[in-house]
Every structure is written in C-alpha cells, then in structure tokens.
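Chain lettering (A, B, C and D) follows the sequence in which the chains are written, and residue indices restart at 1 in each chain.
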C-alpha cells in the first residue's frame, strides 16, 4: 500500500472501525457532529493568538505536536464522513476549484 | 501531474490564490475561521434530516451536487490551512491512527 | 410580557414551532447541528476581515444588519437547544463564572 | 442587581476580564473563534448518542453537569462577542423572529 494517499488513510480508518465495531456510530449526522467538534478544537488552538504567535507555536516542536494532532482529528473525521457519504474528496475538490475559476476571475476580491 | 493526489489540489489552490493576490488573506486564523464556516454549511445540509434522509439526499444526483460542493469547500480550506501551517495531513492522519490504535484496544467504546 | 427577557424569546420560539409543527425536528442533535451551522455563518461574516474592519462593518448600518441577523440566528438556536434540554442559560452562565473565578485568579493568562 | 438577566451575566464577564486584563484578547475574531470552539465541545457531548441517549444523559445529575457547563461556555462567549460588537442579543432575536414570521407562514417546511 502506498501510504501517501488519502485512500490509505480511509482504508485504515475502515479497518479501525470494524475492529472495534464502531461502524454502528458512524452515521452521517454523528460524523458531521464529530467533525464540527474537532474543528472547534482546532479553532481553540489559535483563538487567543495572533497569526505570528500561531506560526511561533508551529515552530516549536512540542506545541506543534498538539496542533498537528488537531489537524489530524479534523482530517480523519472528514475522510470518514466522506467515505460514508460516498464522496471522493479530491475529485470534489478539483471540481470546485474549476467552478471557482469561472466564478472568480483573477483580480476578484476574496469573499 | 497526477490529479488524484492531495498535493495536486494543494498546488492548484496555491496558484489560484497567487493569481488573485489572495495570499494576503490566507493567514492561519482567517483560514481556520473559513474552515469553521464551511463545516457549518455542511452541518446545515443535514440538520433537519434523519440519517436515512441524508442517504436519500445523496442518492439523488441533483441534491447530491450541493452536498458534494460543501464537502469540497471544507476540504479545500482544510488543505489551505494545513499548507499555510506546514502540516502534512496524510502523515499527521496516519500518525494519529497509529496513536489511537494504542489508546483504544479493539472492543473499546467510541468516546 | 416583558420582552427584554430571554424567556420572552424562548416563549415566542415555542409558539413559532408549534404553529408550524416544527417541534418534530427540534431534537437535541438537530438543534445542536443548526447551532453549529449558524455559528459557521457568524464566523464567515468576519473571516477575511481584520478586527478593525469588523468594527467598521458594524459601524455601517446596512452591513451591520447582516451581522446582527447572524448573531440572532446563533442566539435563537442556542435558546431553543437549551429549552429542549431543560437548561437555564443564565443560571448555568452565572454558575460557570463563579467556577472560573476560583480557577483563574486575577492575573491568570487567558487559556 | 437582578441576576436573572442577560445583562447581569454580561456585567460579570466585563468585570472578570478587567480584573485579569484579558480585554486585550477579546477582539471580535478571537471571541468568534472561542465561540466556535465551545460549540464544538457542545456537539462533542452529543455526537455518538441518539436523541434518547442525550435526554438520558441530561436526566443523570452528574453527566448533566458536564453538558450544562458546555452550554454555559457557549452562552458566555456569545454574550461577550455580542458585547464587544455592541449587539443586543434579545432585541436582535426578537427582530429575527418577527422577520421569520413573515418569511415562513404557518405550515412551512423547516429549512
């Protein structure tokens, strides 16, 4: 297995859930709430910091670990939710970039 | 370019931002807020539905499109936020699964 | 009715839901997701702005309206979720401040 | 002071922040992120439960305490964010209900 792919992450998550019989909990709504919960934890990592302080936190190996773990939690629930919903994140992402290319000509304001 | 990789998405997002001079807006806090905003829209797609109704919505091509677009928005901001923070989502995801494997022996309760 | 109270808002929301037979949708999980969705919209109002630009947006009557509406949406779902769960927000809020008073002596760092 | 009002909560939060010199952190964006973080924790309280299990959790005094504390955290950051932005939550809430009364005639579908 090439473990640099999103599919390798998805497959390990599937195995992980099967081994623990957690599939019963992994409904779309439950996973969406879990995703929302983890995004909240990622926001909390940065809430009182300036952007410069966020970068300093990321430059320190120890505090960086905590932030990376929050990124991982968000990513893992997003992958699981997409899997349950049959959504291919990379394909959907490319499609959306292509659509945005048409909607926002270069020099548009971010909105 | 192999466009089935997360890097291919990241690279298009970088080009997209450069072409519009949007890099100035893409600070960690701004992108984290945008991520939170898009997760909110994904939650909204499901909020009044049962899980069965969510699956029915996904089975209908037209309403599926809207949901896929929300997935894409969440994914794209997550990729951009990770990029700005120098986080490799797939590597961080694998590391977290490995850690969880130790923390939750098979037969643990989901928590 | 004194409409400057949180109870006056709660009571109108109860009547509103009864008149539309929406009580069936107002389960704890659904309302929690709706709350998450509306907080996402509030985040989106500020995501690309500096704090000074947020204050400027609030100083302009027209754009202020949009932000106030997002505040209202968050507040209304929080009141409904608390109502369904039998939680008194003001009492719970006071109890938490009292607890925080003990946990964070003056001169603590925000955490 | 009548401590059954939202203003009594707001005033204690103001004093709390002044005593700790935390006003410097309480910018709109920071407080909005903190609000998002706390809503995430409230979602997490319910994510793996059915609605019946949420009600059972609320019926147990000990586990109820934890949920009430998450409600309090969401409420307190919402009150602080509204205060910084000069928004009257109750007034904005009533205005929105009045607007919704026009938008959703009785018998509308929840959307």
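In this text, a residue touches a chain if its C-beta (ideal position, glycine included) is under 8 Å from a C-beta of that chain, and two chains touch if they have at least 3 such contacts.
Just so it is clear, the structure is predicted and the values come from calculations on it, not from any experiment.
**Q** For the two copies subunit C and subunit B, is the contact made of the same residues on each side, with over half of the numbers shared, or of different residues?
**A** same
**Q** Distance-wise, how many Å sit between the C-alpha centres of subunit B and subunit C, to the nearest whole number?
**A** Distance between chain centres: 26 Å.
**Q** Per the centroid of Cα atoms for each chain, what is the distance between subunit A and subunit B, given in Å?
**A** 4
**Q** Can you list every residue of subunit D that touches 2 or more other chains, as numbers and ranges?
**A** Those would be 25, 29, 32-33, 36, 39-40, 43, 46, 48, 110.
**Q** Thinking of each chain as a vertex joined to the chains it touches, would you call that graph a line, ring, star, complete, or other?
**A** complete
**Q** Could you please specify the touching residues of subunit B with respect to subunit A in the complex?
**A** That would be residues 3-6, 8-9, 12-13, 16, 19-22, 25, 27-29, 32-33, 35-36, 39-40, 42-43, 46, 49-51, 54-55, 58, 67-69, 71-76, 78-79, 81-82, 85-87, 89-90, 92-97, 99-101, 104, 106-108, 110 of subunit B.
**Q** Across the complex, what residues on subunit D touch subunit A?
**A** Result: residues 25, 30, 33-34, 36-41, 43-44, 46-48 of subunit D touch subunit A.
**Q** For the complex, give me every residue of subunit B touching subunit D.
**A** Listed in rising order, the residues are 29, 32-33, 36, 48, 110-111.
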